[in-house]
């Protein structure tokens, strides 16, 4: 498997507080990696460093094997990275981002939301962009809402449009920043199903989530972040079912105190539900 | 042709300008105090449960705010003697019109401030057995006033600017004094430049203070200032 | 003027209101109103482009231009309209060594002052677009000018429309000061009518009403727009 994203010793601090303390992480093509952890553990910050909405303070980011930024020596001789905005713009077109708050452009229709970046940045014709938008709206299951405005959609629909908007740039990797945290509970399912469908289709995904059920069922790898470091990492089985570190155990006890019985659904039936919608 | 600047006469006539400035400040202070008082009453009217009071407040605010200050000033200049029988004076007309003007704008500040207090605060006070007056007096106004301070600062600046209107009815404030000096000395450039600078020197720091206050108030309310 | 005996001891002189004579001069007042509108329009025509430009500079913190924008905005924001008008009419011609007609002088004064308000409005409009919008645009890889042109400015513009109307109202009110330097706008015209017919109170009552109706209507339009666009926003 070829690697899509590699982080080496990534650090990020705001003034004196260090949020990320040296993260090493590799995401391979077609892989879904879930980042879990308590709030303040640096999950979202990590994601924002990957597409440079926040600049890393130290360490390197490789996208599809290519180092982002130029390495320069500062006055004391230590190596630091310098990032040019024009390069970062190009990098971001290869990294799709889905935000907690959807952040759809309210003055454009759903279709235009999906089309704007391919037209203005990739230079697609309106016709090609429309075809592409149609395709990706189909993938997230709401082709019929193309002409609606975001304000007319439910939160779940809006978030799926946001996913389509990011997909339309055909990025090498998709980042999901707590994509379901701002949704009403009954709308979480449709977004998670859309995300699982993408994962099954082989989309490379780095997902920050509190939905451990989703993480368990969809991710190939789970990364547990604690106070800015990777505390535990492994398959869903290893991290979520048999965590080795006390911190991880404590975290999981906290979020899984009450549980309903597992739904009695055959695996095939479960994956079909995604298509039905 | 290069103009030869000469500020010498202004130094000699400094006391005159200073007297004008003092008159400006007097007018400003009196109109501000009266205006804030009128505004408080009208602002409470505008948020009152009674439709009649709300109506009175609305008519007052809308009629003053939609009339140019100059028209208001001149109207009172001519109308005051008839309405009250008092001998007309530029000072009185200026005080009355500027007070009413400030009153209308500050009524809106009070109203917005009172409206910004969450319904929960009113309900909590009512649940404790406070009547409307006491809810307003002890719970709502103290919280609202904090949020209003920057807006009042801006109002005070606007009022300071508006005092120059009184020059049109020959009240001897700063601009009027400057006008006489400029005509007397045939040196409008220096005179008006100095007056412009005097106003900037006073109003700019005050305006910065307002911006600073605004930020502090926003912070203390848990709001996050952008960028 | 008829004297009513009962009110004499109160010191009140009963005033014999006479509006009909003023109404005969209404065309002249309305002509003044037309001049007022012309002056407002030309002032806005100056204020809008300058204001939009400096507003963007200020919000985007564009290097080199930013300090100019800050000084410009802060100076004109705290300047006094009447003083500026006097300065432009009496002092500016001396400085430039040319003659300025009242229209030009007042347009410059009010235009420059209003441009500072316009810049603040622009900045506020851009700031009102949520951080998430900026981030979403950045995350899609949009460079700065595309972000502004397609994502931020369209949204900011919609929000600014009602506030822009309030600015127009302020400008119209400010133009009534132009009479001080003999520009024939409505208040100046009112003075002349009032001296012609010795009816200052009635004249200015009528002028006040004309202004009120005009400005009140503008204000209602602003409110209507605000509500209209607020619905689309949701």
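For clarity, chains are labelled A, B and C in written order, and residue numbers in each chain start from 1.
Here is the rule we use: a residue touches a chain if its C-beta (ideal position, glycine included) is under 8 Å from a C-beta of that chain, and two chains touch if they have at least 3 such contacts.
Keep in mind the model is a prediction, meaning the values are calculated, not measured.
Asks: May I ask you to sort the chain touch graph into line, ring, star, complete or other?
Replies: Its topology is that of a line.
Asks: So which chain ends up closest to the centre of the protein, judged by Cα positions averaged per chain?
Replies: C
Asks: Let me have the rounded angstrom distance from the C-alpha centre of subunit B over to the C-alpha centre of subunit C, please.
Replies: 18
Asks: Could you state the distance in Å from the CA-based centre of subunit A to that of subunit C?
Replies: The computed centroid separation for subunit A versus subunit C comes out at 49 Å.
Asks: Rounded to the nearest whole Å, what is the centre-to-centre distance of subunit A and subunit B, using the mean of the C-alpha atoms as each centre?
Replies: Distance between chain centres, rounded to whole Å: 53 Å.
Asks: Using the touch definition from the top, which residues of subunit A touch two or more other chains?
Replies: Within subunit A, no residue touches at least two other chains.
Asks: What part of subunit B is in contact with subunit C in the complex they form?
Replies: Spelled out, the residues of subunit B in touch with subunit C are 1, 3, 62-63, 65-72, 74-75, 78-79, 81-82, 84-85, 157, 160-161, 164-165, 167-168, 175, 178-179, 182, 188-189, 191-193, 195-196, 199-200, 203-204, 207, 226-227.
Asks: Touching subunit A in the complex: which residues of subunit C?
Replies: Subunit C residues touching subunit A: 130, 132-133, 135-144, 146, 150-151, 154-155, 158, 232-234.
Asks: Can you list the subunit A residues touching subunit C in their complex?
Replies: 51, 53, 85-86, 89-97, 99, 101-107, 116-117, 120-121, 149, 151, 162, 165-166, 169
Asks: Subunit B touches which residues of subunit C in the complex?
Replies: Checking each residue of subunit C against subunit B gives 10-13, 15, 74-75, 77-84, 86-87, 90-91, 94-95, 97, 127, 131, 169, 172-173, 176-177, 179-180, 187, 190, 200-201, 204-205, 207-208, 211-212, 215-216, 219.
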